[in-house]
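Note that subunit A is present in both complexes that follow, paired respectively with subunit B and with subunit C.
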Partner chain A sequence: MQDEEISPTQAAIVLELQNVSKVFPGVIANDHVNFTLRQGEIHTILGENGAGKSTLMNVIAGLYPPDGGDIFIDKKKVRFTNPRQAILHGIGMVHQHFMLVRNHTVTENIILGTPQPPVLDLKRVNQVIQELGDKYGLTVSPDKKIQELSVGEQQRVEILKVLYRGAKILILDEPTAVLTPQESEALYKIIENMVAEEHSIIFISHKMKEVISLSDRITVLSRGKVLATLDKEKTNAKELAKIMMGDEAVRAMPVSASSHSKAMEVVVRMEKICADDDRGHQALKDIDLEIRSGQIVGLAGVSGNGQAQLAEVLSGIRAITAGNYYYCGESLQHPTVNDMIIRGLGYIPEDRKKFGIAGHLSIANNFLLRDHKNPDFYNQQFLSAHKVNEYGRVKMEEFDIRAASEKMQVGLLSGGNIQKTILARESSRPLKFLLASQPIRGLDVNATAFIQQTILKAKSEGLAVLLITEDLDELFLMSDHIYVICRGEIVGHMPKKEASTERIGLMMTGMKT
Partner chain B sequence: MIYLTLEKRLNFSTWTRIGISIAAVGIALIIGGIFLFAVGVNPLTAYGMVWNQVFMDYWGWQDLMVKMIPFLLTGIAVAVAAQMKIWNIGAEGQLYLGAVAATWTALQWGDALSGWVMIPVMILAAMFSGAMWAAVPGFLRAQFGVNEIITTLLLNYVAISWVDYLLYGPWRDPGSNNFPVTREFSESAQLPLFGDSSVHLGLILGLVAILIVYFILEKTKIGYQIRVAGDNLFAAQYSGFNIKWLTLAIVMVSGALAGIAGMGEVAGIHFRLKQNFSINYGYTGIIVAWLARNHPLAVIVTAFFMASVFVGGELMQLEFRLPIAMVYLFEGIILFSVLGSEIFAEYKLKFKKVGN
Partner chain C sequence: MEITGIEWFVLIGISAIKMGTPLLFGTLGGVISERSGVINLGMEGLMLVGALTAFVVDLRFGSKITAVCMAALVAGLVTTIHAVVSITLRANQIASGLALTLFGTGLSGLFGDRLIGETVVSLNNIPIPGFSAIPILGPIFFNQDIMVYFSYFCVVLIWFVLFKTTLGLNIRSVGEAPEVCDAIGLSVAKYRYACVIVGGMLIGVAGAYFPMVLTSFWVDNLTAGRGWIAVALVIFAFWHPGKALLGAYLFGAAIALQLGLQTMGIAVPSYFLEMFPYILTIAVLTAVTIRNQKSGASVMPASLGLAFFRGEKH
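And now, the complex of A and B:
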């Protein structure tokens, strides 16, 4: 080699998995997985939910001992039986769900579980954290409590945590799933900084765009097996999608239905709506919003800017403190949840596991949740298990909900199947208005396509749709008209053709344009 | 190296659960046997005697049935509240209130009314007062989120003290030689017995109450709402259920059921109100419900089981001159081992060989 610079493809292998397998009762989560990570490389693992990505990462991070195969770090064979050993070998994992103590400070969280002198020298620790932060662009003030931080900042604390422990190999498990576009950009920058400092990154994602732009190599995992490991230069999004799911997926990509051409009547109109949050602080300020039938209105905004409260007001869960809510021309004073259900509202809640289902009840029983007054489920006055289960079977078939039986506990299903269950319920009563909050968050490509198609179909059938999302790709793909919310106020709205990522991104931070 | 690991069960059938519960009871008997041995009683002799004199004997069965009545009612009372994850520790106090109300109606109208009127009146009065006693913590929980475990528990002491006051004061029978008891109920206010046994109408009331609770939970709108709210309050809110109302209602139903138990004791066994007429029946109801994992129909089985522990324990008390503490000890060991066995319902033990 004449070239002095070592490119990642030639750099030393820091981590190697040989035929690693992990078996859970009834499932082979990882089946003879081979994987290598070079120094300074970003190696993405791509795969649907349930492909075995998280299991594999947990094996590498020492949370699960593998049932077969070997792991080598810097060419030396290792065998971890607990996470501490993995940390000692320089492996750090940033979990998708943050593992932080909310009412402790950043520093306290970072030093948790690390060896410290009996009398803490927080000043010195703060300094170390500050230095690490400056080096990688992970700016966060060490004295703040976690609960005062935004999601993006919390994630930085998680990354600092593993860097503080001396990690050379970082595993980032779907790090951008919870971030705004701007926060994601900042994270990409941080990742690049870390790579420049010779850290190696295992990146897990199913956002094709970032996978392509960020990775050096991409390994596609499906049903626990490695299907392919490809260099970024030699592949593209379409090929990856095809490998990941076979031909079916490419067909299943949603096509934006053309706008409904019929004269569209206003279904939902909000005039200067105000509402408070749970603690009594004003969460919504003078919201003006209009949704017509056959139209998808996208509501963009950084999470926590009043979207949740707006959805609750629209669905009758939260009381209005001022303003007018018109529904099909009728002014609603204090609508209850049942009023809205009767008036034809379907509501897909943002936190699907927390609000959308009763996890320990069966799938069939969950179809009754917001329709338990529907006489179709009753014989005379009494619930008919037969009718409920029959209905469950029909809906599972219709919405491609994959489960052994309609009597299975819904909480045991994957995120995609839970969302399909909710969608099946919320779109099966006679509807005028579909309110979908973050409908595809955390879902795999197949489930996403199915959910989006169902929403587009609802629109073409003349429903008014409000789509609350942080995912700009989804926003542009689905919406006819876009509103942007920031700090409880609508900062602007425009037809999709006048919108651009930059414009929406700026408005999400509160700048009116 | 061989490791012993816990592995998550994929499908835990009802039968596995029942099997595990039975095994847990078996282990409790073994541990209890060690204690018996420690106080100088041969456990095999003791268990054998209990088997012969309780389960193989007419009088034994009669005792079992009589003891089972309060357990059926307090057990279902606790289990019904637990459907919404509300822990009613106050069944004891509600039972006392039920007894007070039944006694009041009996003393007031017992001489004037016939049994056909008197007994329904007593049942309704007991249900009403048990429900109202429970309504206090129920309301506080529904409206202000006050922890019902504390409030229901504390109200027990109030109820027991109140009964003491009545017995030492206004309700004391002048002809009782100053014993703190009321006068005997007139015959119309005494629950009918089965044949010449001492098993009273409470047995039917308990079984019917359990069947009704089961039916309501499984087959009605409100039952469905309770099941959802018990599993996930947020989902209940999202579905527009009136959670405050459901909370208050279920706590009051729980109180009413415990109230019937109190009525059964005074009107079916003692025929008067007296001190200590409840041997912790309300608290034992918590164990009965827990053992049944709050399943209404399983309460029948576990109530029978706890009755066996009580009757068997009483017998051992008499036969071997053991203290009543021995019965409580058995109760404690059983609860401990059954709750401890919970983990095996979800996980199974597995030996794993790990090595090169």
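And now, the complex of A and C:
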């Protein structure tokens, strides 16, 4: 629409897309996309989930052949039919879902698929990797297995992987979505190092703050189309949000935490709770936690520090090995999942696709889960498909679940719509306690706002809410009181007004303040 | 005729290696296949096909080497069915493997029927100069037939290829994370086909060992369930060739002991003795699995048994 003029003083164009289209059955994922990347530039692609960003990147990286249009690298036309050809042309992609072999070492992962002598010379390769790491500030130990690494370290391996292959153009697909604030800062530094070495970066994100601070240019994508390409200097967050979402931007502004009306009675109280993980190792150690009605307690922590086990204990999935769990004053020894449901627990699990829905069932049938005894769904003794679908349609309307019909498989929906489906189901019963684990991870701005508003509304209706999150923006926006967990222990808690990003970030790494 | 305790031990030892060798070949074949991510439950059937092929070729042409090669070749061909069904057509690997066992059992029974009563000459033991003179271990390990020596070689070769070469890294990666290999341009199907077929050929060699060394005649269902032990041994061995050797000889010893006790006339019910290797299988698998869960280090190829679909949207 408003493509900027390219002034002759600017660096050479290393990658150009002309009218690139990609069609999946029933969806136009990319619609005549034009895009340029200059040498040493950080060019951000901004857009909601389902806007076609990942598809476009997969086309550039050779995973999907385009259905139309041309791709030029260094002014030469190319046509990739597989990823290896893209790699040979210097394009490397760091995927949102890491493409790593968890059981293998860092070195094995980096050299996989690269030309190597028939008998491996790991000593030499380790040295090369070490040097590469030092050059860009990507420190990792080559002999460690991926499963021993933190998420941030795994990402560094991913970046090393593409650098080792000699990539000049790096595609980073939502790289900060899974990182702690400190890890994100480290990544920004690494990106700057790479640009200094004349690499060009395509950066995908929908975190407005980092988009503005990091990018040279920003391209906004919506429903597969490029809406605008803007210079950073000539735009701001508000304008970008407006372009991205049109009129919806207004609606997407998160509501401020309203004051709670009902009396603050203690709903959940944990006293010195201990629990083991699946392998029998202690995962939770002497957890003390209190959640009152009309209150949102935020639990911050780097993922894998016991949050999953804590959520399972609270929802009756995991047995406790020591301590006391009080629920509305009642001491629960070994509650079952059903006990907790009867007592008014709503649960938004962290892995929403695996534990939140039955992906192959329809949206309407997913509302039936957990509420299958509800007489409203029955004709005499028999389930009525008509009533179930009718209910599904009503809920879809109410929760703004965007899908062709209530009979569509839930697993095919976008993350935001899946989350709305779960929320619609969980809040259909009278609740006392809402347990939300990473409720907005990977969701776009609109879905995030909707989910957050719903949770805030629940709070104002007097529910006790536990919000488990790694996203500090969300933590501060939503919480009244903040707990920090590290290695299965609560390392501290404080009212929100006493908390700061630095303090929480440090505590997440285990430092008590 | 009285024999001393040491002599008895050596005799059981020799027998343990012989009984363990087909298990070893089979397990190695399974290790190769499963490292690339494809379970092969067709082992029992493939062993029978290999056994029958070797027996027929040996009977007809009298060439031992041709017999073993043909056994490998035919078993490799039959495994290709499993490869096509489970890799290209992406059908359930368990079902396809079981079908292969049923098919192989039936096929060998059908063509073996008229061979009952025929015999071939067993392979000679060839002592390795020097080594075979080592007390106790010498006669057990180094006064054996050529196929035993070949199995030693295979253990070392497969270990080296899997863990020290680029090819091995690729194979293991395909078994762990095919989507990763696909994204960097390795052909998942190519590696899986190669591993399943080479693995099948080794399983065929395992089968050949029965008529050529252990029995020298053909009976219906000659391998008597040893293929299933090999399936379990792959897990027992943590998909590692060296541990496959240990496991195969442990079970070989169990079988040898069973036969030894029988010939000594010790009054243990024969049904119990026949059960023994399988009870051991269950016990060992239980122990291994518990230990595995405790340590948390999963050594099972992460994508074992899963068909690979490219371009599945996350």
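By definition in this document, the second predicted complex is superposed on the first by the 498 of 513 C-alpha atoms of A that agree within 3 Å, B and C clash if a C-alpha of one lies under 4 Å from a C-alpha of the other, contacts with A are read in each partner's own complex, and residues count from 1 in each chain.
Going forward, a residue touches a chain if its C-beta (ideal position, glycine included) is under 8 Å from a C-beta of that chain, and two chains touch if they have at least 3 such contacts.
Values in this document were obtained by computation on a predicted structure and should not be read as measured data.
K.L.:
Could you tell me whether subunit B and subunit C fit or clash when both sit on subunit A in the superposition?
P.N.:
fit
K.L.:
Have a look at where A:L100 lands relative to subunit B and subunit C in the superposition and call it first, second, both or neither.
P.N.:
Touch partner of A:L100: subunit C, not subunit B.
K.L.:
So, A:V128: does it touch subunit B (first), subunit C (second), both, or neither?
P.N.:
Neither partner.
K.L.:
Check whether A:L120 is in contact with subunit B, with subunit C, with both or with neither, and answer first, second, both or neither.
P.N.:
Once the two structures are laid over each other on A, A:L120 reaches subunit C alone.
K.L.:
Quick one: is A:K373 in contact with subunit B, with subunit C, with both, or with neither? Answer first, second, both or neither.
P.N.:
Touch status of A:K373: first partner only.
K.L.:
Looking at the overlay, does A:I87 come into contact with subunit B only (first), subunit C only (second), both, or neither?
P.N.:
So A:I87 only meets subunit C here.
K.L.:
Kindly classify A:V266 by the partners it touches after superposition: subunit B alone (first), subunit C alone (second), both, or neither?
P.N.:
neither
K.L.:
After the superposition on chain A, what is the angle at the C-alpha centre of subunit A formed with the C-alpha centres of subunit B and subunit C, rounded to the nearest 10 degrees?
P.N.:
The angle comes out at 40 degrees.
K.L.:
Once the shared chain is lined up, is A:A358 touching subunit B (first), subunit C (second), both, or neither of them?
P.N.:
After superposition on chain A, A:A358 lies in contact with subunit B alone.
K.L.:
Using the superposition on chain A described above, determine whether A:E108 touches subunit B (first), subunit C (second), both, or neither.
P.N.:
Touch status of A:E108: second partner only.
K.L.:
For the overlay built on chain A, what is the smallest gap between any CA atom of subunit B and any CA atom of subunit C, in Å?
P.N.:
For subunit B and subunit C in the superposition, the minimum C-alpha gap reads 6 Å.
K.L.:
Would you tell me which residues of subunit B are touching subunit A in their complex?
P.N.:
Subunit B reaches subunit A through residues 7-10, 218-221, 223-225, 227-228, 231-232, 234-240, 354.
K.L.:
Residues of subunit A touching subunit C in their complex?
P.N.:
63-64, 82-85, 87, 93, 95, 97, 99-104, 108, 111-113, 116-120, 278-281
K.L.:
Can you check the complex and tell me which residues of subunit C touch subunit A?
P.N.:
Against subunit A, subunit C makes touches at 164-167, 169-170, 172-173, 176-177, 179-186, 293-296, 298-299, 301-302, 311, 314.
K.L.:
Note which residues of subunit A are touching subunit B in the complex, please.
P.N.:
By the definition above, subunit A touches subunit B via 24-26, 65, 315-317, 336-338, 341, 347, 349, 351, 354-361, 365, 368-370, 372-373, 381-383, 385.
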